[in-house]
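What follows is a single structure, and I will ask about it in a moment.
Letters A, B, C and D mark the chains as written, and numbering starts fresh at 1 in each.
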């Protein structure tokens, strides 16, 4: 029932200029590495990208930046990237910063048909500018709207051909909500298996949210290798 | 009398004092940077679960080389391990946990704190803005929010103020401030000095604090 | 000329016609009662995933005696099995799936439908109210909402009306009505008769429908 | 770190009159059978109960009804219970009916610190009475508030002593959201295991939401046994 690709170029072929794209991952963990590389190659421009971070200069979403494919970035922390800074200062790149928990919840809301919700995060801060403030039980909250995307690019450890996905450890992060919030969700999986192979109680992303899958191998670069001192 | 210590010693001193905020059985979120260091000083007899907002409840120690999993990091993007009894979740669940006040304690860094518990720790106007990450959620999400920071900035100016001059991270969110010189609580009526660091006097603390300080009746010097 | 069929035959007839709404590749929610029966008639060459709002994506057939798991039921509380490639989720996720319009089709029962697509199917004033269950969410959650019901009530009165007389389940939510006598679409400008059941004439359908009916240009009789 | 009980009576001992209690389950599936039985025995009165259904006459929450312990019931479908009907008609029992998806989302919101959200369910129906209607993108939505409880009684297939829970099949239903929305959550588990036994990627309810656990055996009554015809 799902499109199963063998070429990453083909998997992202339909992504057009001016698309809004969600990209899973936290830092470089859980990012759909090969889909991003293919998107760079596709040269789709004027993208709005929703992702917690924006990669590093030479990897992940940083590659889209280098190639000047992003018009607007919606994220919570974009501090690992010099080219990002340059484009913002030069006015080439628009940025919308969203508190991380609000970002996660806005994406969840988008996928779950919730147009808006209230959250305490950001009350009394620059984030509140232009936003409705409302008091519930004596505490102030901001109104935040749901986020959806034309395409969501996610990465999972395992996927079956019905689109069910299982993530590994902290590589889960934003991927499940994004899978649900994309009109078209493309999943890059480390291992593609037959339906029935995965335990139905262990599925993190039900297949209904996923339109196509492709198996690929990731580099899984480590940003901050921190080791215990050998005893 | 003022005390001069090298930076690493100061950080360790603050981290060790912050550790005393953690009770056995607590679920705790430690911010990136100095707060993360607090984990190194947690007494072994305390059962503590550290939460990482990128989706890990139960951060373990750093991995040995053969244990490194690139899919397993903390919110500071450092490789970690998971503790026994840990669980993974997505970022919406992770922040639901935070926002829903299921954490007992959050220890975060600060640039400025006001006498009403306002916190500024994410941006300096005119400098490149990197983003607030999870800080704006975390300050609303814990039963107790403790800020650890130097008492004064590099120009010797107070970081505890009547009003924050920097854009806020949260309004009325701080419960306690732990610095290299003192421990100060944010109370209904204003700030209250509850501990004075070794080698400092109450008057010296008042002099380097930019807001009025009541002195707690049981004030005692910080034990190191 | 009116047609008289026993109740079971009528229900099967409606269910078989409703099955034609299902395309291969669809995710479908079938309401409790007659809609659940539709599953029995799904053509084997169609790949269809049935969702149950109590947390099962991929309802399978009924279990054999030795397969019964009391923890595995559908929304009608009947024991079921899970299909190959199924997954379980909690009720919030399940309704997120529904509300977020990830389902292609919902087939539900109805008491009354209005010409603007209003649906009433959950309560009769004066009678004990049992609750709406998931119906109020499901009518907002699918790309297409099809109501299956008898064309008239037990007194021979129309159930398709200008305005519903019963309290609504949803406003402007119905796309298509399938009855024992006809198939009617809810369009911008009102109701449109798209199929007339075997043995019925257009005029007879108009007579037993409580709202104006345009006749679709390609009107044809329902194939059984 | 968690309270591990061996007596169900003790597990519910602190539940006082006038408490608000969430009880997991859909129909009779996934209900905390033994905790309910103990609550009947405790005779705590004037309870507000939040649960999708209200059991049947002689099992599950129906037993609390028989014993006249419930003042108010918040649920989505309560049609399986004659005593329920009688108490409502006699004015002994207050009922708040909530669309099932809205109920699930209100409980999730309560546990996740979201005071209110907008949903399309119920617009133009009796449910909308007294509720704010707001238009987003040309579509109408109702404002709904989060729900929390003094106690949540949930049932899981497996639990470890850190409070991590795993549910079986459709016995998951409302249990995970309720576990998060209860100030005190008591988990009845079919099997209690040592921490480290459960795969951290398979946990449905992280231990932080659970305050105490107790192992017990369930009857698991079936409401509508439906069998395939033997070929």
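Quick note on the criterion: a contact is a pair of C-beta atoms (placed from the backbone, for glycine too) under 8 Å apart; a residue touches a chain by one contact, two chains touch by 3 or more.
Values in this document were obtained by computation on a predicted structure and should not be read as measured data.
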Touching subunit A and also subunit B, the following chains: D
Separation of subunit B from subunit D, taking each centre as the mean of its C-alpha atoms, in whole Å: 36
Interchain centroid distance [CA atoms averaged], subunit C/subunit D, Å: 29
Between subunit D and subunit A, distance of the C-alpha-averaged centres to the nearest whole Å: 33
Where subunit B touches two or more other chains, by residue: 82, 88-89, 92, 95-96, 98-99, 140-141
Junction residues of subunit D - those touching two or more other chains: 105, 108, 112-114, 119-120, 167-169, 200-201
Touch-based graph of the chains, sorted into line, ring, star, complete or other: other
Pairs of chains in contact (touch as defined earlier), listed by label: A-B, A-C, A-D, B-D, C-D
Contacting residues of subunit C [partner subunit D, same complex]: 52-56, 61-65, 68-73, 75-80, 82, 88-92, 94-96, 98-99, 118, 123, 128-138, 140-141, 167-172
Residues of subunit A that touch subunit D when the two form their complex: 105, 109, 112-120, 134, 136-137, 139, 141, 145, 166-169, 200-202
Interface residues, subunit A side, partner subunit C - complex: 1, 108, 110-114, 160-162, 164, 180-181, 195-196, 200-201, 203, 206-209
Complex contact set, residues of subunit B against subunit D: 24-25, 27, 47, 49, 51, 57-58, 82, 84-89, 92-93, 95-103, 140-141
Subunit B-touching residues of subunit A, taken from the complex the two chains share: 26-30, 52, 75-79, 85, 88-89, 95, 97, 99-105, 107-108, 119-127, 140, 157, 167-177, 204, 220-228, 230
